[in-house]
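Okay, so chain A shows up in both of these, paired with chain B first and chain C after.
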Partner chain A sequence: MGKGWCLFFLFWPVAAVVSCAMAPMVGWSFPYDNAQAASNLGIRIDGLFYLILFVTAVVFVGTQAVLVYALWRGSSNRDERATCTHGNHKLELIWSIIPGVILLFLALYQMNLWADFRIKKFFPEAAVKAPIAEVTARQFEWRFRYPAIGKKLQPKPQADDLYSVNELHVPFGKPVMIQLRSEDVQHSFFLPALRIKQDALPGLQIPVWFEANKEGVYDLVCAELCGWGHYKMKAHVIVESEADYQNYLKNLTQQQFYDGLGKIAANENDSESEATEK
Partner chain B sequence: MLLLFPLFSLTGCEQPQVNFVFSEKTNELVPEAAKPVKEALVRQFGNPFELTQFEGLPTDFGDVEGSVKTVQASSGEEKLIRFQVEGLQDAYPKLLGLPLEWTSGKGQGQISRIKEYNYETGTIAVDKAADIDPQPGDTFLVECTRLQFGRDLYNRHCMHCHGMSGEGTGPTSRYLNPPPRDFRQGIYKYTSTKPTAKAQNADLERTVKEGIAGTYMPSFKLLTDDEVSAIVNYVIWLSIRGETEKKIVDELFFDYSKKVVAERTSEDGGESREDVMEELKEYMELDFPDTLEFATSSVAEAWEEANMEDAVVVPETPRVPDTPESRERGRKLYLGDKTKCATCHGPQGRGNGTATQDFWTNPATNEKYPNRGLHDIWGNQLPPRDLHRGIYRGGRRPIDVYRRMYSGIKGTPMPAFGGPLSDEELWDLVNYVMSLPYSSK
Partner chain C sequence: MSVVHPSPTGLQPILKPQAHHAPGNFFTKYIFSTDHKIIAIQFLFTTLLMLIVGGALALAVRWQLAFPWESMPIVGPWLFSAEAGQISPEFYTMLFTMHATVMIFLVIIPILAGTFGNLLIPLMIGADDMAFPKLNMLSYWFIWPAIICFGMSFAYAGGPAAGWTAYPVLADLPQAAPGSGTAQTLWLLGVTFVGFSSMMGSINYMTTIINMRAPGMTFFRLPLTIWGLFITAILQAFALPVLTAGGFMQVTDRLLGTCFFYPSGLIINNADPTIGGGQPLLWQHLFWFYSHPAVYIMLLPVMGMISDMLSCMVRKPIFGYRPMIFSMSAIASLGFIVWGHHMFTSGMNPAVGMAFMVATMMIALPSAVKTFNWTATVWGGKVEFNTVTLNCIGFLSMFVVGGLSGIFMAAIPVDVYFHDTYFIVAHFHYVLFGATLFGVFAGIHFWFPKMFGRMMNEKLGKTHFLLTFIGANGTFFPMHFLGMQGMPRRYADPYLHGYLEHLLPMNQFMTISAILMGSAQILLFINIFYSMFFGPKAGRNPWNATTLEWTAPSPPPHGNFDEPPIVFHGPNEYAVHNGDKDFLMQTEKECEPPKPSDTEPENKDNDNQETSS
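Let's turn to the complex of A and B:
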């Protein structure tokens, strides 16, 4: 093999490392302009991601350096022929034990985070006690069912439940939990800004909790290829102050029980055209 | 394949070049009758990539005014005239291919097609012609921008199911049940208007934004209000096109469909083909222009009327309080002869009334449907709603359910009870029906 090929094989790992290092600068890193996750849990997940990235980067750079070194040496020494060996016990032990230790460390290190994220026993108690809404994924939209103001969400729909579609309002500054369902096929509840992702499975009701650490409008998308309209399955999660949230629910109640008479306050994000009607 | 990949990435996804389709009935006319009908429709409405406007429709074509700022000097060989414009900054940015009518200057009254348009620099290019000589300050109208905006959005979001002409046979339609609506009858099920009126723009906007629960129509809430209204504008325009076609074809069908002409010219019919064609020719010359004019204007008028304030169903009395007594009164009405709700929806509201076991007659053909049960005017089998499911396609507000009862569900056998029942009775019924999903029965 000529030196040209050595350089060719050197170029790719270098390009990979450089592009990876530059990614945050050109907006290829985490969603929302490489901003910090919009939830405290998300920040911890980002931390875990960076740790794994660091470990794998060290291994990648090390192995690539050895590979290029071996190629280079081989290309500059054409007299010596390669010899066949039957392995080296010490080496086998080293490269089995070191990755094993790393994996074990990662497994133990992330256990708390995983438990906080996925195991209901570790969810914030307040959120578990009062799920904020039932989220139903279906081809190709998100439908939400809130309990009436002052009431608790029941597994079965109630007469005074409040409904909305593609627009989930949640209060700011406290953990909230939703009950996730799917009406048809498998979908995935994905809040990229909050680093929350959970599959929705037909027949199951899956609790998911999150806590946004700043107010704003976040994308809710489907992260499971669910059919031709998968890419359209986009909604907004609107994180707002408790007062605004209560206001929203009041508004929703008014609209939902509207009997066609009198004016109702128009919600800024609502399509209600009858607000102007007599 | 690998070699083709860069080619695909460079060319991107082009809009498919397709045409509006004509209805089956149009294609059943003898060619001599079908041809002028099709030509008239193309003249009046154009094709999906060259929409044509004509006066008197209630849809917003979106003409925008602009004026020439500077004219670029061009060499003699250049076939286009390029000029910078003012006044189009807020207009829809894709003006390529649209007609531009000169409203002052040498070319006043002339129409040029926009051959190039650069939104960033505000430069337009049109074909060079002897009587087109734009000068700074000349004014013009660019026509159809709103409709074109709606069309682009429709093609991106709706065409997949509803089809290019709104005929309800887009590529995905074959997988959907209920099938996507065919807009060409101009009938929409869930409206706020009186029984005989068409839908208001606001009704269709609500449907686009909220979706229809229990069907495959999803919510498009993330589109802006302006985008939704542009889509609805285009959908209504498609409806008007379809209805106009239906009206003029209905006029011709009984005399000049292939089947009728074959009968008329058969031995029993006793007419010669030449005679029939002569008669058709005469009709086309004398009556067809009026028929066309009448068809468009009557359709346009109906759409206009639907948007009037008095077209909306507004209850005279507020909702009767939702008490056990009111529900009981509603239940009696539901089961009684005055409404006969149970005939279709079943005594328990499970959607399994006796009417679902009958063979019904198709009002369009006067023949019995091959399947038992109710059908809508689009020819689809239509099981009466199971009222226990708590899924309300036309909206779950009391006023929505009230309006379903007051005006019926257009295009379906669900009748209008606005006359026979008083407001209080309707509200009692609403209270009863809305309590069903939560009752133990």
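Let's turn to the complex of A and C:
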């Protein structure tokens, strides 16, 4: 019976490794059919993930194999007594130093990535100078405020700002920054495809930057419990070319300042022809 | 069978047997008992009852994730007749909030500190009872106001719906969540009561371990179980006041409008902007300053217990006794400076995150050392696969998974993606269910004879382990994949979002595994209640173990030992030559000189090490 239990304990690590190896093939890996992250930083994050996965997989398989082998040998041990040992200093040192070095390496290895990701000093300058939108989370929707075309985002809302709900448009191929805030409780701005997540804290305005590297419509969800409707904070981030993005802003301007008489009231830059098109 | 040396030179018993008055009637013997063993049994039955409650809540959560918005079978129509048996999103948030609350505050912490701490500390250090028996009794009875508060908040006042972490502003302002008016206040009150209970326990444990050890029981002769409980008690005593203070601040925020945790100008439910001046981040710091060490409060006692049980089951001394103690201390002290790793995405200054990251990475090191030492303990051992061994190995293999997934969490850029997704849920269920509960199951089977004087049923125990292990892995392993695909926690209906639509079958598989795991617990309860009355009688030392509790009768009488025990050496002397036995109890002075044919030089070397280092 002992051997049966050894096989039982052997089965689980094997099943774990097989299912992990299978995961990318059956769509259990990162979102959108295991596609690459839609941002360059995301690709680096995935790289770090796979590095850690490799290290942990080796340790996992190693320790489980040794454990099952020790059990197998131990269950067929017909001797009167087990081996008597209280420990071994050399072994203790080896298995403290090796994992220590690996962990320290992992810790230092990711410092740059983290700095580029979050520390404002390392943000791309262009993005910091011109945040493209202010994102306000509230129970249970996302609100976006863009500056008027050709203007800069101001901390306080301006008369000519553009607004949208649950749909954020951003251009791809260049770093963009948003200002994240919350109107009521704590939320979290989570863009799985871009590997971006940042809590929106009431009372704080938090800059978040990202650079989408391909066009697409990506889900934007809330990752911090914000009340009974937490699960239905559903929004999209639409990543499009610079031209499409500018078009979108123009359309938004027209919709927002259409006074019902066929004239654009607020934005002098727009020609009348565009207004009549509408 | 008990071997007590009457009066060795220089060692005088410090305790008088039967120092306490023996209990009189039924009431003082079984209800308001000051006997640590009865209190341990009270804790055991209370926490097992709560395990059923917490498990049922978990199954309700799983039901919703597998069959969203479908009528819950059997209990659904009865519980929510208005919604035709459906779980509403409001109720769903209460379900997972209370699942976590019950499991952490009413099951895992009290079953470890309350049950095993109470039962084992006096018995293993050779004391006749705790240092403060009445305080001990009080620490049990303070669990009940907590249960009543949690129960009332859940059943009568709408239910706390802000998660067990109670993050402000959601938990702080009554209008932020439906029905979280009085309920959240009651919840905070409940947490405070549990805190009082733990605090009284931890003071008692520290005092008892420091002051009441039997003669000869030096700190480095304490069983590792006691070390685990001792370090846990220290952690509790230093971390808990911070949570209690935070809890009081939140209560005054809610009742008096003190605004510690919310800034001005919030517009909630279209109500007027709040006055404020506080900061939600403050709560997170206070909360995690307790709740991160709490993770180790829920793990260190089990680590200690596993060390003793495993060593006994493979008939070998624990590999690296001192490194085991040092690694436990390292885990505890590092545990105090890593709380920030719960806050990598919180808006806290990102530069601080780096320091927390390095500390968190380093905490993996002592955990790794422990794992290696346990494996080395098994190596070369004589293994018999009984229920205790199986649960110990179950602990070991699930702890490895939970520990390794912790490394992903420590790496901040990866953690940012996994934060608040099911990957985290997988990680802590592997540690808290996989590791802690298997350790608890092993502990129940191992010390059951000492608690009730009877053995548990092996067949039932093995079947229970088999089904639980399969169910646990089937439930918790796929959570890693859910997390990778970006499924956030606490979603009543994740399938609303396009990129998560395809996850329904995986969730259904997990729910079926969870039901299997839940029903397997029925076997444990049958086993406990059947064996309590009809199990075969156990002698003093059914496992041929070495520590002091096995020198007392099973169950030990009031005052524990026939004669105060005297200790001569460390706790795990197995694989020795002691006549026809392969073990040496802590009260036995020395073994027979080994036959010249099988002398073991290693043994001598290490004895020297023990004394010199």
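By definition in this document, the second predicted complex is superposed on the first by the 255 of 278 C-alpha atoms of A that agree within 3 Å, B and C clash if a C-alpha of one lies under 4 Å from a C-alpha of the other, contacts with A are read in each partner's own complex, and residues count from 1 in each chain.
Methods note: contacts are C-beta pairs under 8 Å (C-beta built on N, C-alpha and C of every residue); 3 or more make two chains touch, one makes a residue touch a chain.
The structure presented is a predicted model; accordingly, all values stated were derived computationally and were not measured.
*Asks:* Of chain B and chain C, which one touches more of chain A's residues?
*Replies:* C
*Asks:* Using the superposition on chain A described above, determine whether A:260 touches chain B (first), chain C (second), both, or neither.
*Replies:* First partner only, chain B.
*Asks:* May I ask you to decide whether A:222 touches chain B, chain C, both, or neither, giving the answer as first, second, both or neither?
*Replies:* The second partner, chain C, only.
*Asks:* Using the superposition on chain A described above, determine whether A:73 touches chain B (first), chain C (second), both, or neither.
*Replies:* In the superposition, A:73 touches chain C alone.
*Asks:* In the superposed arrangement, which partner chain does A:234 touch: chain B (first), chain C (second), both, or neither?
*Replies:* It touches chain B and chain C both.
*Asks:* For A:139, decide between first (touching chain B), second (touching chain C), both and neither.
*Replies:* It touches chain B and chain C both.
*Asks:* Between chain B and chain C, whom does A:81 touch in the aligned arrangement: first, second, both, or neither?
*Replies:* In the superposition, A:81 contacts chain C only.
*Asks:* Given the touch rule stated above, what does A:9 touch, chain B (first), chain C (second), both, or neither?
*Replies:* In the superposition, A:9 contacts chain C only.
*Asks:* Hey, what residues of chain A end up touching chain B and chain C alike?
*Replies:* 139, 228-229, 232, 234.
*Asks:* Show me the residue ranges of chain C that touch chain A in the complex, using the header's touch definition.
*Replies:* 88-90, 92-93, 161-163, 167-170, 176-178, 262-269, 276, 279-281, 314-323, 345-347, 350-351, 353-354, 357-358, 361-362, 364-365, 368-369, 371-373, 375-376, 378-385, 390, 393, 396-397, 400-401, 404-405, 407-408, 410-414, 416-417, 419-421, 466, 469, 473, 477, 481, 484-486, 488-494, 496-499, 502, 506, 574-577, 582, 600, 602-603, 606-607, 609-610
*Asks:* Show which residues of chain A lie in contact with chain C when the two form their complex.
*Replies:* 1-2, 5, 8-9, 12-13, 15-16, 19, 23, 27-32, 44-45, 48-49, 52-53, 55-56, 59-60, 63-64, 66-67, 70-71, 73-75, 77, 79-89, 91-92, 95-96, 99-100, 103-104, 106-107, 110-111, 113-114, 117-119, 138-139, 183-186, 188, 190, 192-193, 195-204, 206, 219, 221-232, 234
*Asks:* Spell out the part of chain B that touches chain A in their complex, as residue ranges.
*Replies:* For chain B paired with chain A, touching residues are 157, 160, 172, 192, 202, 205-206, 209-211, 213, 216, 218-219, 221-222, 225, 228, 309, 312-315, 318-319, 390, 396-399, 402-403, 427, 434-435, 437-438.
*Asks:* Show which residues of chain A lie in contact with chain B when the two form their complex.
*Replies:* The contact residues of chain A facing chain B are 139-141, 143, 157-159, 163, 165-167, 228-229, 232-236, 255-262, 271-274, 277-278.
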